[in-house]
């Protein structure tokens, strides 16, 4: 499917171990924690690999059982992990997620400082990787991790610009536990002149101070950033896309939520699948369907197959198929 | 309760091992699968045994730990399994159920071909069993399993007709993964001149091409088949019953669904309990209550007791009883 | 926080082992039962300790692994268990809770007769404990356990009256499996002239025969009992408080229920936290918030921290915080 | 196999719920307990049913989910539970087993007082049951439970003597937590003039004060009791049998122990299988093999099939069979 | 590491889902089964991938969640699964393993007939794969699966002979549940003129009728087959290797066995790692170390890393490393 | 028991979350990890509290769910955690333990850098705590954590010297993953002039270069350090104690090991219990018994009660007690 390139998509970022108590238990209460692997960009790579694209994930991991586990779970879903940077030192970042309904709400405790990923530096990367890819995906989490990660992100984007047929997507993904809105705005604004930028309405408000009608917000952000396409996601209200040639709305699906962590990444995976293969209208539909599907699965990854997604898009998904 | 007979009800069909990932996990993801036993007719026998009837289940199982387990779980709920046909060869059929809400929906992967049950043949049966029973229950799954299973089903029904006081019920239960609507219609139509036939509105449409007002559909099917009573189940809309002397509607209960597999069988168990002991009005009420109860329990079996069912019928069921 | 006293609150009553099948399974079905510890007064002490008060729980337990476990789980949440009465004989009371939605509903099977707690007698208590406390909490379950427990309850309340600055709360908590409404009314009425009495609208009707407008019911009960403050809880309708100087309503929160056992105790813990530190308006708010929070957690204890509760009171609780 | 009788063996006694923490955890530590069913006589009935005999277990259980579960697990293994006495009141006895190796050792905490079984009285029994059985099995636990249980045991044995072809076995099974050696000796001695009496060397010493050479001990006990056959079990040393016509030794198997609770009952089941069908030499071999097999399985029941036992008797049991 | 080739080793065979009850439970008893993936050749590929070689596994799987899971777990450990043959029909083979110590012993129940793998036919294979590999690994299980599998095995070996630098290993791996010794001998003998043949002493006796001194047996088999190197494994006695230039013995390690399934495959993986990179002496050492390591891990795969294996070879492995 | 002091023992050090895969699984393999709490000094405090002493543990933890959990599990076992230093920032240290037998061996992966505990500084401590204690326990892990932890350790020991009746014990506990032998020797040597010093023979060799006859080694270390009592532990060989007035040997117990992590701390707890209450001979016996007992329990804590320990000391511990 990758038309002369080795990979359809290369995603770059940190992946971590995630610990979640089973069955609505609290972290303070559960006798065991389920072990998942997650990380925004790896989640995107997994989602797209399961839809049928050739994807690679690039991260930095320590050579220990926990680092190997992170790579293994990503590889299991068909993502190429052969370009992961392995290091003798450092730790695997971890985070703890309690999944809960109202009024408690899900809660995340991060323990990701000083991870091997935080030491990612420009010299860790083999730039030839980019030549073998059709598309590069990056998120705003990485530059928030450390100065060297910010430098690496800038450098990747510079290098990507030098490769004519390589498109780039950037997911703003503001994390208030990593930096302030002011820091995020200052660092991210020069990086967002990408082919596709994903941003939540919340982040548009908090980080970029853009309020009001979503379509207007998306237009203003597009100009501010110099991006080609801006996809502004509106939570349970769907999404709005603005581009030079097309403006469109994505409508959300009804969900019985099981675990919403990773739904935004599933959206990105679905959207990019449509963007790289089909039309922008389809991209909006795949994005919404993937995000909805993810809500129904525990863990960070979206395990939908292409036929699963096509089934719910065509609304032919019955209660039980047998 | 069985008035001079050994069993109130004998149910004949295949029972299998069922594997389900716990807690909304996917089959591709879960580290362990819960092990249940299920099969439409065995589910009916279990449901009725728990309501207080003497029931027997007849199936064919291999003499190995998996075959023994299937029989053990059915026997645990009070069903007589002494007439199970045991074989030295063959496998236990299995199926895999993912339980999920919207938009994913529950999914079933069957692995039931070439099971010991598929080799059931008329010569496996001791026909004297039928003389000891008040009622025989059969489903449309069995004739779909194999030619010898179809022959056995036909033969049982012929034998049953020869026993004056033995009533017969037949659940259409169309399985699209086993045969086509055309095959099902051709095979089942001559078999459905039973005392009670259960059919979903979906199957009425797909298999028998009957559309429109449910009561009208039920009437047409009744004539088409030569059945005494037809119970057409309408999913969340309840059920409609037509018989020579009585037409009635069953209304559904409100449910917080946990696992809907087996709800149709619970309906049959509840209905037949009422049919064999009480009135058709009561049968409709027991059917709805059993189906609703089943939605709240994981696995195929309905674990309701008679007092549970009577409590929800009289709407006296409070949130917690202590 | 306890202003010259050792404990803010001392709670007296029985705590038990609680067994619950995981994941909506039935007691008849589950291969293992989760082990929790619970008991109305201990639940209250735990809830308040987690909010930051100094609390002690007084109960009677046998010196065996099960008795030690009960004390350990209460101590883990910061409650002082150094005044527990240990005995060489007797058993730990147990109860079995099935958690279920409609139409099944949660069910409790008690096995608490002849427990060590039932043998609690006035001579077991060191009355000097009461001098070290600001507040005493009691429930109507204890006098229902045995004659000696009833005598002990009466004696504690007499002793408490002798200590000028010690306030007392009493939760009616009628248990139909322990005694009849008539027995409860006869025994409880003389005991309810407390500073704060909690009663559900159901118990007001069933035990005290008071029907009608909740505020009126609360007023009548207040006079009947000679209580200072009566808090009448109305389930999903909130609560109404009457006192000489203030009448107020508490409004309920929206909940995705996981396990409602202990929600009433969480209400009491939240209310008393507000009552002892702040205003009656705040007490109503903390009560509602704690009860709602408890609905979202499995087990009897409410694991909310003060900041959790303050967050949902200020409605700033977002779906995920990261 | 039962030659004109309905049951080969009827076993009478208490069965309980057993709770065991998984994986060497302590009762004070485990978040969940595995739920098993056990009771000496029920264990014997299960062991024999799995070997192919028709067996029935008679006990007394409350009509609640826990009582139903006890009966269900026994029925699952092929034991007839249709003669269980059901009661509206009372509790299911429970016990807690920690399984551990050296130096800790397995520990049992009993909570069986005041169970429904303790209320068993002679009038609960339908004496015609004994006429339908070839063999009756009883243990010394039952008369230790309560005065009415002791009376019932005496009465059963009297009734059994009146039925010419009914043989009787009695397992001494002294439980120091239920009574003293003196009480046990006084109560049991008149009851032990049975066809087969099982006794451990420990109990021979503790209860009956018989020390020395095991064969001599067995002979003295036989005379003391007026029994036909005495089987004295010697733990890891095997067993010795004395009878009028035959004296024999059973040799133990090598075991990797997983759970030794129920091994004595498995011994009895194996021995009686051989005794009822074959020779005393074979009985000794089946007893040893069943006891050894039980050591390798968690829970009280012995899940061996006849072919399993024959395989290890013929020492043809290889490490893995595939 | 693969010196101009894409893969160091390509392994061809069936992989299946394996179900195992946790914690010494029986298949008839456990409420859930752990889900593993295994298959002799896939196990070998995984073992070698974890040691650092580039490996690919070729099998045939249905396009369903179970087929995807099999491929995912193999890919997770670094094995290339891009050459798996996917089919729209067919089932995934399954097997059930009870792990137990004496006297029970582990037991395997196979349910692998009619799997997608059984339909493997010569036309399914892209023969160019072999040109990209340094080494091909095959086992005697595959020709036992079906006539088309036997034909495919023959064809692969013919094709492999045509590629000058491709070495071939063959593991006899007789499965008595798939065919008779006579069938195995007739089919396998012409196929065993490989570079390395692995055979257990048991199979040498059962299938090839070779008894006596192991070194002599190995020599005779080598001549009989026309193999270059024969490695005869002796269970707890180690192994003996005969080749034109070298005869050597491998000594076993001391093990606390957890799960022996897959130990033979781990042996092969370790041996081939040494064979392809180092010396025959080293190959024997790696084989023994890998087999011993596997005994300590549940599931079919050997999760040892190269440093783990080197540590136990140099006997520097301490009880705990911290 | 504490004779006018508030605590018998105060232990100071880091406690962490520990993650362990259940059932011999590997960290790379398990779907969930069991959650334990551990840390050398906290383990000692727990062990002694369970034996009946008043103990307190002092550590530094972040105010988040993970920090609260660490304190809760220590408090549950009766240890006073009211003097824990809570901080708004920082993380809870974690470590991952794989438990395995030969040849794999248990393995520990530490992730404890930059924990809140590493920031412990002299100004965090309220020195008056020491006046309320009879005994202070410290280990050589704390000074290895950070410069401020080393400074705090030195300061505590200085302060302790100023309090006449306060005795001090020090467990060398060398951790090769935290510092080199040279660093450890240089830092620890001036700190070891304590009342009791515990050291393994391994650490005596690796850190202090003392080889040869254990009693001689212990004597030389005693002089080198200026300690009163040196207890040199010899693994499966027991222990040797040298003091001015007494030299004694402790003999080990036979164990079926389940989890050896924490056995050294259990030894210390048992020894100090004897040391503080009884004689040095008894101290040696309690130390050995506690260490042996710990081997049989999963997790870091030793859950033995005093009667458990006395039972195995008097060798009256039978296989099962019932």
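The first chain written gets the first letter, and so on, giving A, B, C, D, E and F; residue counts start at 1 in each chain.
Here is the rule we use: a contact is a pair of C-beta atoms (placed from the backbone, for glycine too) under 8 Å apart; a residue touches a chain by one contact, two chains touch by 3 or more.
None of the values given here were measured: they were computed from a predicted structure.
Q: Among D-E, C-F or C-D, where does the E-F interface recur, judging by over half of the contact pairs matching in residue number?
A: D-E
Q: Between copies subunit C and subunit E, what's the superposition rotation on C-alpha atoms, in steps of 5 degrees?
A: For the C-alpha superposition of subunit C onto subunit E, the angle is 180 degrees.
Q: Select, from B-E and B-D, the pair of chains that is joined by more C-beta pairs in contact.
A: B-E
Q: Over half of the interface residue numbers used by both subunit C and subunit F, so same, or under half, so different?
A: same
Q: Measuring from the mean C-alpha position of subunit B to the mean C-alpha position of subunit C, what distance in angstrom results?
A: 45
Q: Based only on mean CA positions, could you tell me how far subunit B sits from subunit F in angstrom?
A: So the centroids are 61 Å from each other.
Q: Any chance you could list the residues of subunit B touching two or more other chains?
A: 22-23, 26, 28, 30-32, 68, 72, 107
Q: With touch defined as at the start, can you tell me which subunit B residues reach subunit E in the complex?
A: Going through subunit B, the ones touching subunit E are 19, 22, 26-28, 30-35, 64-66, 68-69, 72, 91-92, 94, 96, 98, 107, 109, 111, 113-114.
Q: Taking the complex as given, what residues does subunit E use to touch subunit D?
A: Per the stated touch rule, the residues are 23-26, 28-29, 100-108, 110, 175-177, 260-261.
Q: Mind listing the subunit D positions that touch subunit E in their complex?
A: Subunit D reaches subunit E through residues 22-23, 253-256, 258, 289, 292-293, 296-299, 303, 308, 312, 317-322.
Q: Which of the residues in subunit D end up touching subunit B in this complex?
A: Residues of subunit D touching subunit B: 68, 72-73, 75-78, 305.
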